[in-house]
Amino acid sequence: MKVSVRFYAMSRDLAGASERELELPSGTTLSIALEQLFQDVPALKVLRTSSLFAVGLDYVSHDTVLEAGNVISFIPPVQGG
Amino acid sequence: MKVSVRFYAMSRDLAGASERELELPSGTTLSIALEQLFQDVPALKVLRTSSLFAVGLDYVSHDTVLEAGNVISFIPPVQGG
Amino acid sequence: MSTQIEIVLTPINREQYAVKSPPHNAGAIVEFFGVVREDEAGSAIQGIDYEAFRDMAEHQLQLLIQKAIGDHDLLDMLCVHRIGFVPVGAPSLYIRITSSHRAEAFAAMTEFIDKLKKLVPIWKHPIPKDQE
Amino acid sequence: MSTQIEIVLTPINREQYAVKSPPHNAGAIVEFFGVVREDEAGSAIQGIDYEAFRDMAEHQLQLLIQKAIGDHDLLDMLCVHRIGFVPVGAPSLYIRITSSHRAEAFAAMTEFIDKLKKLVPIWKHPIPKDQE
């Protein structure tokens, strides 16, 4: 199945793109998907522990099972206010 | 010497007046002056522990030595805001 | 720095006190309005008549503001208290604090209000709803 | 109750969000403005360019507001965040909380801001002073 990952702020700078597709076995968790992402784009690893991840508009935990077509957002430390 | 005491809110209601003069020996402390006031106007005693006292515009402690012409303010619990 | 205090007999008009341009090291502005509630000690009221020992209230507010500014390194502070009759729903108190960081402004604000309610000689006379 | 959130690209105009008449059980209104400071991490700036994942930011703000209202029994709450370029001295954030008593409003406000700064997907790009 295909999912896409969208990047913002520092994650976009490090990824060199604002979006990227991942091809994953169905039933893959976010955790596994991120492993693949960090393998494909090692520069993103520096944000690994400080970032949060969303599917759609909601934050999700690493054990979330992804579905085809999911849009994952890579949310580096936010700085609003 | 003469000093005056001004009353506000509940202290005015209990004193039945907004001001009262006290005739005191010179060198009298606020503490002694209040004893005389409570003797003259026993109704005020209910406010004894909850009230604060000022000379002029500043709060003073009970051991303050009064001077002729001082204006003492009898400040029952305040309720601003 | 344009510290001020004011005790007014007319409605508090926030616009009158608007900051045209905050100091460039300002990072936080916290404003507080204390509003007269529809009930006082369980009874419906039409408003509160505030009595003040006005000169002393102004002096004590000034002392509290100076202390707040010193203790919390504030950039600016303003306090307006309305006295006389204040109807339900209208503000009786308006405070504005400007500081570099928000933590200082919130700490100063809550401390200042607590002290105001102990030390500033202003008293409430609630006016019951059914009284003309 | 008229809860709202707004993410805007234009200056925050407080008047636009003015409470015409607060609910009659309102006793406290607390307002917060987060203002862009003249320096960011020690360097002089002309302003900050705020980037947002806008749909998610609105959704997350809405979740945080619902939680604040529930946790603190608030009467009303509003949050406006400006994005895009915000010059030094201008507010990037405006929050207003209305409650019966002030303690609830202050507690809700500080908690809400802390969470906003952890969970709402908005990022700062400071623009140095000497950059055109």
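In order of appearance the chains are A, B, C and D, and numbering begins at 1 in each one.
Please note the rule applied: a residue touches a chain if its C-beta (ideal position, glycine included) is under 8 Å from a C-beta of that chain, and two chains touch if they have at least 3 such contacts.
All values reported here derive from a predicted model rather than from experimental measurement.
Colleague: Starting at chain A, how many touching-chain steps does it take at least to reach chain D?
Modeller: Contact-graph shortest path, chain A to chain D, evaluates to 1.
Colleague: Where the CA atoms of chain C average out and where those of chain D average out, how many Å apart are those spots?
Modeller: Whole-Å distance between the two chain centres: 22.
Colleague: Can you compute the centre-to-centre distance for chain B and chain C, using the mean CA position of each chain? Integer Å is fine.
Modeller: Each chain reduced to its C-alpha mean, chain B and chain C end up 27 Å apart.
Colleague: Distance between chain A and chain C based on Cα centroids, please, to the nearest Å.
Modeller: Chain centroid spacing, chain A to chain C, equals 48 Å.
Colleague: Nearest whole angstrom, what separates the Cα centre of chain A from the Cα centre of chain B?
Modeller: 72
Colleague: Check each residue of chain A and list the ones that touch at least two other chains.
Modeller: In chain A, nothing touches at least two other chains.
Colleague: Which chain C residues touch at least two other chains?
Modeller: 34, 113
Colleague: Mind giving me all the chain pairs that touch?
Modeller: Taking the chains two at a time, the touching pairs are A-D, B-C, C-D.
Colleague: Would you pull the chain D residues touching chain C in the complex into a rising list?
Modeller: Residues of chain D touching chain C: 15, 21-22, 24-39, 88-89, 91, 100, 102, 106, 109-110, 113.
Colleague: Taking the complex as given, what residues does chain B use to touch chain C?
Modeller: Within the complex, chain B contacts chain C at residues 6, 8-10, 52, 54, 57-59, 73, 75-76, 78-81.
Colleague: Going by the contact rule at the top, pick out the chain C residues touching chain B in the complex.
Modeller: Against chain B, the touching part of chain C is residues 34, 50-53, 55-57, 59-60, 81, 92-93, 113, 116-125.
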